[in-house]
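What follows is a set of structures to go through.
Both complexes below contain subunit A, partnered by subunit B and then by subunit C.
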Partner chain A sequence: MTSPTSTYAQAPVLQVRDIVKTYGGVTALSGVSLDLVAGEVHCLAGENGCGKSTLIKIISGAEKPDSGEIIIDGIAHTAMNPSAAIKSGIQVIYQDFSLFPNLSVAENIVLTAAVAERKRIYSRRVSRPSAKAIVDELGLTLDLDADVVNLSVADKQLTAICRALVHDARIIVMDEPTTALTHTEVERLFALVETLRGRGVALMFVSHKLDEVLAVSQRVTILRSGKHVITSPSSEFDRRSIAKHMTGRDINDARVVSTLAADTPIVLDVEALGLRGAYTDISFALRRGEILGLTGLLGSGRTEIAESLFGASPAEQGTVRVDGEVVSLRSIDNAIAAGIGYVPEDRLSQGLFMEKSIADNMIAGSLDSHRTRWGGLDTGKVRATIQRLFDRLHIKAPNVSAPVRSLSGGNAQRVVLAKWLANKPKILMLNGPTVGVDVGSKEEILDILRGEAAGGMSIIVISDDAPELVASCHRVLVIRQGHLVHTLEAEDITVNTILERMAE
Partner chain B sequence: MNGFELSKVMGVVQRFRGANNEGVLAIILLALIVGMSIANPAFFTLTTFFAIVRSSIVSLIFALGVLIVIISGGIDVSFATIAIFAAYSTVRLSQSADFDPGLIGMLAIALAIGGLLGLVNGAVIARFRLPTLIVTLGTQGIFKGILLTYIGSQYIADLPASLAAVSTMNVFQITTDTGRASLHIMVIPAVLLCLLVAWVLRNTMFGRGIYAIGGDPEAARRAGFRVMRTQMWIYVIVGMMAAAAGIIYMIMGRSANPRDLVGGELDIIAAVVLGGASIFGGRGSVLGTTLGVLLVQVINNSLILAGVPSAWQRTAVGLLLIVGVGVQALAAKRSSREIRALVKEEVPA
Partner chain C sequence: MNSKPTSGSTLTRFNDQVQDRTSAVISRIHVSHGAGRMVLLVLIAFTFFTALNPSVFLSLLNLQNIALASPEIGIIALAMMLAMLTGGIDLSLVSIANLSAIAMSTLYATVAADNPAMAEELMPVLILVGIAVGLVGGLINGFLISYVGITPILATLGTMQIYNGIAIAWTGGRTLYGSPESLTVIGQATVAGIPVLFVMFVLVAIAIGVVINKTPVGLKIQLQGANPIAARYSGINSHVVLMSTYVVAGLLGGLGGVFFLARNPTASADYGASYVLLVIVIAVLGGTNPNGGFATVSGVVLATLTLQIVSSGFTAIRLSSSEYAIAQGVILIVVMVADQVTWRRRRRRAPTRARVLASRT
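The block that comes next holds the complex of A and B.
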């Protein structure tokens, strides 16, 4: 790529030049270059595994590149280390924020600066005012004395941003900053990003959410499979073109839902479900072959409702009927026996055995239905099920014995799906089915869900990803502060109505 | 009472409770002392008090070391072995070479040995990132074997003169109507060590680094803390503190037995955890640990006074540990649920 430096009035604060990085023969980055300019938000977009994270790690000094250089204020470095990066004014806000949960907000804000200055003595009395100064300057309301572990995700993020600024950061890199935020929190973050731009900070915003990329940035760089694809002002992109550059093909996120006949039988009937401290008086019905969206802000109770229906945290009030029969969902066993399956939000920790093979993971939830007459495993039947699902879900792996750890996010998600499909549940609930999954895989996962619904399965999608709900759901239930406040149907289901009803 | 007053009272209560339930612990300790004093007047005497203090000294120093390790997110079960290894080797060396470098010299030798053994723990843990329990369980066995095979397995009844001289020294001694009460001189290093560790943990970057590593090691690394170096130092310090405790133990016991101390590790760890330190790392305080150690000692003492067979002491400590930690865990679970409920009710739907 030719250097775009000359087209900008200001010299870039940070340039990376021709970075190459390989991990044991696999090329993560091949000759990537990028400029950051003060007061500009530069988006780095790309699918999972395109090399975004590796590039951040190299900029922050956590990884050393095989070749290439990092130029800060005209001085070239072949590699950074974490302390040197912080000293040059580079701050990375990781997806997990890298905060200390056991320490107070104030201490979290000042501690890394103290480390960078190689201080030996720490004083609460001196550090608290400097933390307060930053929080006040940004006009935030943060309880400085609260332990970080008790904060909401959004407040944790604000703490991380404050921490970055204590260092007089000139370059702030945010890795997927909006993944765990709700719609209003994202807007607040974007307002803060504007404030930071005003202070002359150069921001790098890493994301694969197309709308956000367009909303927040002035320039966009797209990577695909470790290669630089394009860098252009964000005004020259739209959703479609970004998706195309990211995946290398055309992506379709239009609304595709089957028509349900008026007399379609009701499979799941939930009546006045309640759980103290989580949600109250939730009633809805789910029909055969329907895809129902369950949405709301983080903490609205949407996840708790699903967990109650799965028997993981049983409801205290209300009745649930499956196929007209009242069922008691006091445990996960009850739920599975009633034909209810649940793909949890955090699939890595809750849904998969990472070290085990794809095949083992697929069959782990349905061993009972693959038994011979004598109680042993029917290996022929097992093999058939595994192969059928492996082919149907288009899992990209050399074969079914590859460990799940070796798969990308999208493919791992398909294995979780396969595990539940092997059980042939009547009702399948999926929490954030495409969280952390790139646009290409997202489309395919939604297609798989549509296919299963067409085959007679009833599906509940728990998500705050509005485009995904629009693309796949017959109806969308909006939960706010534990109450079912809206039921959106047919043409009411648009990205804007969903976002408005969630936040109101 | 209106909401404002209520929140003020809650604030005071919260502050008294302390970050790690130190206030609750203090109340339990106080209640136990009051209860025992009513049940048996012999309990509420200066003699008993000094006896409890005396029996707490070694435990307290061990507990301070264990506290540091637990805050950093690790666990050390080799400290008692290190203590006896360092102290016994020092005494043995002095005896066989017929050389007495004085109290300070003896202590220096023991600290060097303890630090070295701690370095072995630290190096293996930090370099190979192995689970701390397994590593220290392993080194405990190795150290003990080396001690008994190569250094000595015999009971030494006569301490070198420099150590023996301190054995009977008291800070002060008074004769009361219930008998003679004396406060052993070794309470001074224990108290000084408490103050030092508390200061280091609160007011140095090294101390805050220990909390940071215990909170999230990866975040600590990204923040620029030298995690590996800090971990090494933690185990070296624990080794040195154990060595000091070992020497003090021998001074107070006026003998050196290579088979002593080992076996009591779990009592110490129990005291630290009772004192509010989180077994998952990142939490704990010197005040809490001190209270935890005192509580265990008071229970042991009061059970003896109450005529309960000593075998039951272990049962009592075990029970206390499970109940204490269990109550804390339940309270935390409930309060998080109540906070959730509260947040929901604050904003009308």
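The block that comes next holds the complex of A and C.
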């Protein structure tokens, strides 16, 4: 490892040295070191479970390391506590932003600082200008009087960043800042990051999205299984090498798509589907064994189309045919009866029963097809189905009675997938099938989908992850403001065309 | 190993299977810790009162009394457990039971005024009437909660007032006397020293246990309680699940009314007024998660016994019913504190396991 201080004349504002952290007998971090320099964006990358979150928690003072030290402005600490970390100018912006939804933007920006200064009386008159000052200084367009609950994810994030700056943050750590942002919002965030760098803030980006890691950072540190792998200027990396360092093996993101015969029958035929306020005049056909991508920015209507086809929010106009027969999709029951399955966008709240066992989760969607003659559960059949899918999807868990809460993102997503495969749908729609899933699992999940498609299932992937669409889809439909604007086929399906067509 | 790959892999698979089964058994014990804990509590309560006043407490009469008083509370507690399993609650159960007992008693008294012999023969019909009252009560609750969409606590608070009001208006606030001789005989009969009512209670409990754990609808009830949104997205029809839950709860309430009348040939609108909260205490004590998704039938049965043992123990050592109420509260809170501690420990362990898995990846 090259010494970073030789490349950068400035002394680091924050250094962590040889941090070791174990939970029970498991080592989460073994001797990790890292420097943050003012005016620099440092990316911390790694697969889920590599120790990124633990390191953030140690820097923010939420966890104490077993050994090692945290050096701020040359003063070594063996551990931080949250209020000391804030006083030293460290601010962590977590994925959920920790905002108060019922308060206004201005109040959210100012209030925690007021509390930290132990002000006893909160004055709206005094606080609003200081919130406004920050917002103006950063050149943002934020409605200070709007309630946070009504904001878009991107605006919530801006609010959280402003709040960090009110605390005179010199070090800002952002945990997965772009997962919920669209292409344009990401660009806006990156522009803001540049402004912050100009102010001399040291930033740490925690991410497993390879493109943004390269786009935004000056240096990259990669962790794998709690160990420091490499720290180098980001110019020395490309997507492939980062992925290799993260997973420890070569990642194949080439386009792997089967050929469909010209006379492959159409399974799903959607004609002039419409829902007021969401989308209009959507028509497309899905063939047997086809993997169809449905893409667009957040709020483009891509999720609403899927939810309508699943009967969760029924369409108002149009007809849907499954195997040539017109089906009415007024409820989820209708959709399931028509052979349509749906892996929803929000895995934690819509897809999983977190405290229930893996087995219960896997069987949740197909209970009625596992009956005995007397109406009881056919335990033998249930066990066979669960074991088959558990092995087929390579779910990593000690056994099927472990609660789903104990699983990593990739394994949890496989459980949701298993729930639907147990139901043997003709058409399976997956919304963001690999969001929050590590690179290795991602590839495996796409492979599973290819396998199911080869077995005759028709699949719709709703996603804004362009590389994933390129890697797996026969065709990609681009939705913009509720309209189907492009249908990409064959060689047209590249990361660049998809991103361009989405954001045109 | 290399020379004999087949036998090696068979052995590995066999080893894996043994390990899987073992850990499955262990985790099952862990999950039903509600029951294990309750066995302990029953023993503690029993030993405690035996030590304090063995001659009275250990008498056959006292033990039979415990077994005789438990079923009517226990059966309503099971109904409460079902409602809580879906993440709801049913406050109207005791009112349903009273209304069922009153309907039976009134019908008996009316027929008996003209023809006592015929009224006596009507016993099986009366039982059906009692259960039918429960069915209607449960249907109304289920309709309000699943189709109209009223929060369970408010819907059943409303129906509790309605059912109770009907009972008062019907009886004029008086206590009704009258029930078929044969029903009272059943209520006092014993099999090998065990009251018949208690045997029936245990049979009902086993039936409920089978339904919850071994049938599709039972699992749907659990999943609905564990996460209603995920249940919806899994194609579980919440209308059907909630409706059937509250109907079964109502049926059990009606059966509770039959038990009331069998044990004691009187019926009144204010019988068992203290049961409303008591059955909530029992359900939660028995390991039911009030947020839904988790419950054990054996835990609820044992919790019923515990509270009955404490109740009769208090009588045996001549403490008042208000002191018994204090004891109920103390037991509930002590057990809840213990629960919090174990949950926290489990939570702390959970991320570690995730990390173990992650590190294997």
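Observations on the structure shown:
We take it that the second predicted complex is superposed on the first by the 498 of 504 C-alpha atoms of A that agree within 3 Å, B and C clash if a C-alpha of one lies under 4 Å from a C-alpha of the other, contacts with A are read in each partner's own complex, and residues count from 1 in each chain.
Please note the rule applied: contacts are C-beta pairs under 8 Å (C-beta built on N, C-alpha and C of every residue); 3 or more make two chains touch, one makes a residue touch a chain.
Values in this document were obtained by computation on a predicted structure and should not be read as measured data.
Look at subunit A after the overlay: subunit B and subunit C fit there side by side. In the superposition on chain A, contact is made by A:E47 with subunit C only, not with subunit B. Residue contacts after overlaying the shared chain place A:G74 against neither subunit B nor subunit C. Once the two complexes are overlaid on the shared chain, A:G139 sits clear of subunit B and of subunit C alike. Contact with subunit B, but none with subunit C, is seen for A:L103 once the two complexes are overlaid on the shared chain.
The angle formed at subunit A by the C-alpha centres of subunit B and subunit C is 50 degrees to the nearest 10. Contacts of A:P344 after superposition on the shared chain: subunit C is touched, whereas subunit B is not. Residue contacts after overlaying the shared chain place A:G198 against neither subunit B nor subunit C.
Of the two partner chains, subunit C is the only one touched by A:D360; subunit B is not.
For subunit A, the partner that touches more of its residues is C, with subunit B and subunit C as the two candidates. Once the two complexes are laid over each other on the shared chain, residue contacts for A:G324 go to neither subunit B nor subunit C. Smallest inter-chain Cα distance, subunit B versus subunit C, after superposition on the shared chain: 6 Å.
Put simply, subunit B touches subunit A in their complex at residues 202-209, 211-212, 214-216, 218-225, 278, 281-283, 337-341, 343-344, 347, 349. Put simply, subunit C touches subunit A in their complex at residues 19-20, 23-24, 27-28, 210, 214-216, 219-220, 222-223, 226-227, 229-237, 293-294, 349-361. By the touch criterion stated above, subunit A contacts subunit B in their complex at residues 60, 62, 82-83, 86, 92, 94, 96-103, 107, 111-112, 114-116, 119-124, 150, 276-278, 299, 480-483, 485. Looking at the complex, you find that subunit A touches subunit C at residues 23-24, 26-28, 47-50, 225-226, 312, 332-333, 336, 342, 344, 349-357, 360, 363-365, 367-368, 370-371, 375-377, 379, 396-403, 405-408, 410-411, 419, 423, 438, 440-441.
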